[in-house]
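Several structures are given next for inspection.
Here come two complexes built around chain A, the first alongside chain B, the second alongside chain C.
Up next, the complex of A and B:
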């Protein structure tokens, strides 16, 4: 019995420590994943809160000047937000792609992003519709 | 050729069905002729799938755009080599590749185990797994399906996939993923047949090691591809697709260690089965994550119909395997007990628990959005900080155990044993720690990590040194002694080499994730800036134009204390080809790579006046990661290299 206890105690401690790490990790890094529409519904509560937002890049909205940060408008249905981003721009980021940004919305309703992902449509094929559309 | 391919796949499906039936009957009745017939069926399936793969490759190379798969993944301007690699660029092709690799493994197993009494059981399990994938390519995702419309040009392959690492990384990873099926089949066959000795482990250990080696190599090749091609400066982002391959690697690593305990001590039998089932489950889960698009990822997915089928298959695997395990549970008792917490057995046990805990936390982090949506209705992601918070402490303790495990004695370590083995490594640990503190390093994680690496490296050194001393005392010269030492005990000394590789890898990861310097600058011709020990001078923009692309390349001279050491050219290209307009930009990073650091340049923007916006990173010691990978593969190869025949060994 004593021998078993010698193992059970450290095991319980390890299990406890790992659960705590998982809990702390989730607590400190969790981010709500929402759409542009949901983001704007939550204004003003959402000001300054870190969120991840997905939407489509509005055609012609991308402004990328040499000395300034990247600016573009992201839309989802009828709702739109202006996004500002400083960082590496993915190659597939262009008009009309689905983009995902992480950051927070400032009080002047500009979304300041510190992460920009663009969904890559051909890593794995999507559907024939896309192909047909491209043809036509 | 596409008809031939379709027929080959259909035939494979039905022959596998037949093999499953006769193998099951042979397993029940012990009928040898039926067992052989089942095995032969599987051999013919391997042949048929070779035919099917050749057909698809032929169609891809000759660009038969009447086939949906060909039209979606190739184009007329695609070089031959990437037409071939388009085999695994899409869904149907990847699934065909899965079945094909599995059938080759299976054929190998069938040929080697013909005389084993459990062969029909093993074959039956292999048939069941093959059937699932064959069903998918025969009925759901047909690689030879017609497009339906006539097109003159295909959609082409994403330029970022046209890269030598992308050409080999998926296959390498698949060889690893698929290979896990073999030890799984042996394990399940042992449970089914009731032959629960360690025979199944001896028969399948090398397949497990082989797959593990390919998983490791595949992960690192993928990391290298991301580093060179995705152009954000890093190599690992805890993306779901990356995690999907990392999880089976974690549990396979645990399995490789704990089978040693079962072989030596006849302990942990149930545990090994659990690990094996988990690893197989995770490798299917990985394929599912990558293929179903259930978790969103930088690598976007097809929203295809195979998601639910995969889910069903995974539930069947779990239910079937674990109920079988429960049924045999009483026959899997350990023959020995854990005596002391200070013993090799418990070092291995803790190693196992931590690897599994790591796999579980990665799993949790990966499916967190699904869980949170199911329970709270809101999608919540956990990002890289989560994985780092959980992973770094677990990783550090695992490195510590990697040093302790090989040296601590079995059963119960005495004070003498501890002193004999750990005084030197502990001194090295402290020496590294002190040296780094003296040089002004303040990052606690890096201090611990580097010191632990010193600890592990010195244990490996100690083991080699002791082995060598025994041999050189007998009059062998040092080099010959080293050669013989490794040759005579390949598993042990090969394993140590793997550990050394891991040490290199950990040093590289620690340095490159904690000590990055980066700068974003706007430069006109002739401007310069400094980064770390380098000065970079911008010499101007060159315009590139050829058949495939238009683009800019920016010329940078790298100077180190006034001396020009290299000239590099980060590029920004626009591909001309019309077929794949959605992705036509490609930023080609420029790299000056040494073992001390990588200077990594990203050309973000070029304006009409020839000014550029450049992001420059100085990533220390990234090359150590790749070097570690090479050492790991070398060590694993030594560990599984077949033993020579007895006769030769005597004469050697």
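Up next, the complex of A and C:
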């Protein structure tokens, strides 16, 4: 039993060390996206750099061009930015959706996106429930 | 003879009962997914893949937890049955996690607009998949049971560390994966919740069924191999 403990205790310590390393690494270094505010804070250093930015699509700002490209304004409560995009549009993309765009900001402060993603809702509602909620 | 016939808990009967119960729950769960659960208002019908996605990831979580516990038992007791349990459970867990990733991808394409993105939850899930792929590779390598089983058990215990990270990552990190349940989550419609619970129960039984069958086959293999020598 003593021999086994000698074996298991270091193992548990190693497991905890690895988990801490993974946790700390994930917590500190990796950021999936930056906010519009953080993006604009980095101007002008960020010009031409590839970044991933998230914000809410401003109501009424979506403009579909004749050549099927898309323009809209993205805001995060403090700052906002105009986005230009030409590509596949997610099904749920509309006013008020939280969007994630990948691309870079040009010197005239327009974000040129190569990829547009939409965050799905965190609340799953039925038609009926939404109707009742809006009515009440 | 008479006792054996009337004994409701004989192995054969248990096996049959488990099979039919699993089958009934899986059918009921599938029916509820398509006809009972309401259509989600933003995502539409595609959101129905949620039930299958959650069912597989839940059963995979159970499977990898079994691998973890069985591996600890193996290191302490060093009896072959714990090693067999860990290995069989890992195989099924791997199948379920692969299905989780595939269904997630199918769901993400229309809703998010991509098959895959390196968001924290997706990244940690990918790491989990790689870890158990390595585990299964370790198992398939040459060598007798003793050392291989022991190293595999150690690896499985360390690999398990990533599992809670997958669940926490969406809560503590910026990402695209939604936090639906628990504190900070948006919650789901009651009828969706009922459907989900039936599906989760169905997948739990399916996992137990598959695990028992896999262990049976494994024991037959071992018996044949031993006799052959």
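Just so it is clear, the second predicted complex is superposed on the first by the 88 of 136 C-alpha atoms of A that agree within 3 Å, B and C clash if a C-alpha of one lies under 4 Å from a C-alpha of the other, contacts with A are read in each partner's own complex, and residues count from 1 in each chain.
The rule is simple: a contact is a pair of C-beta atoms (placed from the backbone, for glycine too) under 8 Å apart; a residue touches a chain by one contact, two chains touch by 3 or more.
Remember, predicted model here, so these are calculated numbers, not experimental data.
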item: Partner chain in contact with A:73 - chain B first, chain C second, else both or neither; value: neither
item: Partner chain in contact with A:33 - chain B first, chain C second, else both or neither; value: both
item: Greater residue coverage of chain A in the superposed arrangement, chain B or chain C; value: B
item: Contacts of A:92 with chain B and chain C, given as first, second, both or neither; value: both
item: Partner chain(s) touched by A:56 [first = chain B, second = chain C, both, neither]; value: neither
item: Touching partner for A:117 - first (chain B), second (chain C), both, neither; value: both
item: Which of chain B and chain C A:64 touches, first, second, both or neither; value: first
item: Shared contact residues on chain A - chain B and chain C; value: 7, 11, 14, 18, 22, 26, 30-33, 54, 88-92, 100, 117, 119-128
item: Sites on chain B touched by chain A in the complex; value: 68, 71-73, 89-91, 147-149, 151, 155, 157-161, 230-233, 291, 296, 298-303, 337-341, 346, 350, 353-354, 357, 361, 364-365, 368-369, 378-390, 393-394, 520, 522, 579-583, 585-587, 602, 604-605, 607, 611-613, 615
item: Interface residues, chain A side, partner chain C - complex; value: 4, 7-8, 11, 14-15, 18-19, 22-23, 26-27, 30-33, 54, 88-93, 100, 115-130
item: Chain A partner contacts - residues on chain C that touch it in the complex; value: 38-44, 46-47, 50, 75-76, 110-114, 117-120, 123-124, 154, 157-158, 161-162, 165, 169, 172-176, 178-180, 185-189, 191-192
item: Residues on chain A engaged by chain B in the complex (per definition of touch); value: 3, 6-7, 10-11, 14, 17-18, 21-22, 24-26, 28-34, 52, 54, 64, 66-67, 86, 88-92, 94, 97-98, 100, 102, 117, 119-128, 131-132, 134-135
